[in-house]
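Following: one structure in structure tokens, then a few remarks.
Per-chain residue numbering starts at 1, and chain names A, B, C and D are given in the order in which the chains are listed.
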């Protein structure tokens, strides 16, 4: 239950305050020249302490590869890797040994397993997503070699919504600001919103939009393996994610069919395209060659720097004042995680689509 | 890729205009007195031709059970079943042998497989969901015997949005109108909206909300088996579904953390509860004992009764006038499908949660 | 737990004395001209009542295909099928409602599930293997179109052992006698052995040898997906199978390494071959292009036509005199089942091996 | 394809001469006091360089646990671990960069993946089984806490066959000699056989027998999840394994049914038992409460210390004189690997059997 994927798989392990987190990436195509520095660069994008918007935790987050590579190339055997944990202030969490934080997994883990590693959220910590970024960075390089790109960006922070859709944006600007919104003025308003929340000891939610371009026709398997179903599962597995939609998404629920029709035509290169793309690049669960785009909603995380009332493991009411260092908005750091999950999902679907005679 | 679930599984088969559709339900707990009439009743809820709101197709949709039962009880062996197809107007679809309907799976199936059964959508037809209703009806009975209920209803049709949340509604009224909205006045507005769309040869989208109550603590497996990820995959696998969110969902993206806090407390029965339920009954991927609720967005289907411009398999532009009989709004008939997928997903998670020593 | 395979899968259902048995074959390559008569022919090879050596049960065993085919070609969607049960003498089994037959699954099913369908062995009946033969016949046709053949034969019945290995035999003669041994004189001795056992109300065991020729290099996945491990699981899942070995097998345990070396060389067509084939066509879990061969041991089934002492479900000692009609030796009818399981396993491995970029 | 198991899983990674091997153990029951020293002790049993019978390679083989444990107890989250590689004489293998060793995976890996890590066999090295021993040691402790024991021993080395069956032996003596045969005199003859082979630069095969005692009734799932099928797959995945049989096994093929009948009776404790155990503790794929026993055949490995003729990657004939340090007989060190695979398989089946309501 810690393995993502069918043929391209990531099995991850590790708690926030244990010796290390890590994983096993299996199903990597063989004889591929993997750029390890590019993997580390992706990991750095997710790292805490990048800007004033993120947690003060500073972790080097150096990935160490242990297998699956020979003289710079993948061998088709599993790639094992670890990331040592560091900068642990475990004592910050002593109060959580017994108290359950509202909106966190403390209670459910304790009830399910009979015990939990209370330090920093243990296995339920978002730190676990670092392993996904490693897996995703590997998948992404393979996809890039085939002309498939995966790019996500922040499209909403609290009430600040980026009004343009992805076709109206220059996604190369995403990394130009701390909030990872490709439009500068909206980015500034988002940053202000996050700073305001932080100043009040509060947190704020948001939305990440992701675009997969260059995808061939034919990825995804009906009925139980529809591409959107796999993407949805991948996205909802990310910490703090509360929703997923693709193409016209929830907005389509309010529409008439005549408003959202995607007519087919041949483009000038003789390729089948649709005149609009309300379908979001997927029809009947199978990619149609148009850009795939989707949104992932993130809640404002419950780690308030204010006292909250809760109970402890004996059922006593307690007041909890969290000390840990946390992001006031998880969305900017969720951007590379969304990309990673998308990249792994798409590569997995691509491999499955090749499995024919 | 036609199998849902891990331990409780449904493997389905069948095309709209072939001899039969059917499936295999595996992992059913043994020695359970299955009410076959109740399964048929669920299937009747999904059947076309129930009301003026749905397609004119009339199919008896009688499920025939072939195995897995002995003297009225489940034996722990797989339950095979078939539903014969009938009332087929295959000639209605002759034009689709070569032309690709916009917004349908015609093009993607043809491109992926090199051929397709063009009659009535073939495998991509929503008819396939009848098998899910059978599987879901079995799961639902097992859940009911454990005090777990799964109830869905129509919460939006086009611009008509049901303003109340599930706690303010009497869900026993859901079946009291053709649109399956438990509030009468809103139901009437929804019905009017569907009729208006139908009169214009158009279709309209909507939203189904689903509530799982009575769920024990501990269903769902971190990290890759989070309960919300499994639910999301199940829902996005339904035909015409475009989005999923649970708990505070996309609305939460606009919120501050202090607005959506779910404090823990002991209730008067000595059970751990949360004072609010923005989390939607799941924390860290694991059910917390509160009601699980989620929404599924459905698009307005692309089967307009107006001419549309498209291409055929040779790339020629053609004008297509669809004749088949289709629902102007799929949402009312999607309600039992959402319930079925939810029931199967919850029972599967429940079985997994039991797998310990 | 009733599904074989990873990408090419067979999910089966059905009991001996229920309305029907059947299954769902998924992952069949699309656009393949499937010969349905050839599937029925394979099924006829497994049918009871073929000769004096097999059970007197006579079942037409007509397979009815329900989906996945369009105008004679596979569509890439699942192939559902059923085989109606007939010629049921359920009353023959009334005594088994409570009594546990020695060497059968009566006790274990009852203990595991709390009840069982006692008629004819229910789900544990070898009748279930008819579904495997259907799945295998589909796989076999796909393999044949690629030049891969799967041929099994009887190589031992009780003490009668076929002395030659597969390279010394003309496997086209396998079907020339009732026992399916390609060497006539040995076949006659095997037939005499079976008749002798039958005359004494006894049964006799035996061995099936299977050869897969024309297999490309590269099927099988290290470490957990080794081709021999998949074949072993497939074979040990057959009713009455007690053992599996491949290549030098158990005989190799007695040997020195210098006796069983398979040197590599280039053959005159410029293809890599081994000078001997003690490896059995698989090295490191991956096919090496040489013929794959393996043996499957079958026990003498416990259905003696003599009184046996056993207990009933209340623990009382009872004497049981079985009346059902059973084969004195399951091996001849196991030959097509071994082939079917081998064909499905090889095609599945082939599809997996294609899943790369 | 590097993951064993369904609910209790081991995903392993690592090559013989890379930085480390390791794995992720998932599905471990929570709140179990794991004895880490006992895991290391199991690993020491597999370690090379234990006696004069094994390879001269000396590796500390220290397992480092990275996650899944908190204050000495399992948390229900995955246990990640690594074992650093050491004592690498990679230059011993330089000739293998291009040459294919007979009877090894050099050719198949190269053909399948387009390249390979030639040092020490890379991923196909038996060194990989160290990870299985770690996973197995964890499973074994959980099983032991439930009264289930897994014990293997050497029952054949070349022509030297241990004549007694497991019920006639004192399995506590297995570790009393270097060859792991519980009967001293036979052990001495086995040791002599191995020494003789070694002296000639040759190798010798053998058989490991394994006994699982204390298993409850009901493990294993019909039809595709039969316990013997899972055991067979687990055993055939071990390096150099060529065969598997259980209960009467291949010997049963020569028998009459009347010779191998396992009558049921109630024992004095009121438990259902069989008067004999030719079935090997499994009937219809489900454990019946009697001891489960099976054999695994191992070939004499092909690493001869004599010149062999083979080809290189360009198809040229070459003579190869292997220098690496290898065991003349893998069987003694395979004993803990067989136990490990059996323990993981049984625990996985046990967890699955619990998954009901």
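One rule holds for everything that comes next: a contact is a pair of C-beta atoms (placed from the backbone, for glycine too) under 8 Å apart; a residue touches a chain by one contact, two chains touch by 3 or more.
Owing to the predicted nature of the structure, the values given are computational and were not obtained by experimental measurement.
When the interfaces A-D and A-B are ranked by C-beta pairs in contact, the top one is A-B. When chain centres are set by their Cα atoms, the one at the greatest distance from subunit B is D.
Subunit B and subunit D have CA centres that are 46 Å apart. Separating the CA-averaged centres of subunit A and subunit D is a span of 39 Å. Work out the mean CA point of subunit A and of subunit B, and you get 26 Å between them. Within subunit B, contacts with two or more other chains are made by residues 1-3, 12, 27, 30, 77, 109, 112, 123, 222, 352.
Residues of subunit B touching subunit D in their complex: 7, 27, 29-30, 77, 142, 145-146, 222, 350-352, 354-357. Put simply, subunit D touches subunit A in their complex at residues 1-3, 9, 11-15, 18-24, 26-27, 30-31, 64-70, 73, 75-80, 82, 109, 112-117, 122-123.
Contacts from subunit A toward subunit B in the complex involve residues 1-4, 12, 100, 102-105, 107-109, 111-112, 123-124, 128, 156, 158-159, 197, 200, 202-207, 217-218, 221-226, 228-237, 241-250, 252-266, 270, 272, 274, 278-280, 283-288, 295, 297-304, 306, 308-311, 315, 317, 352-353.
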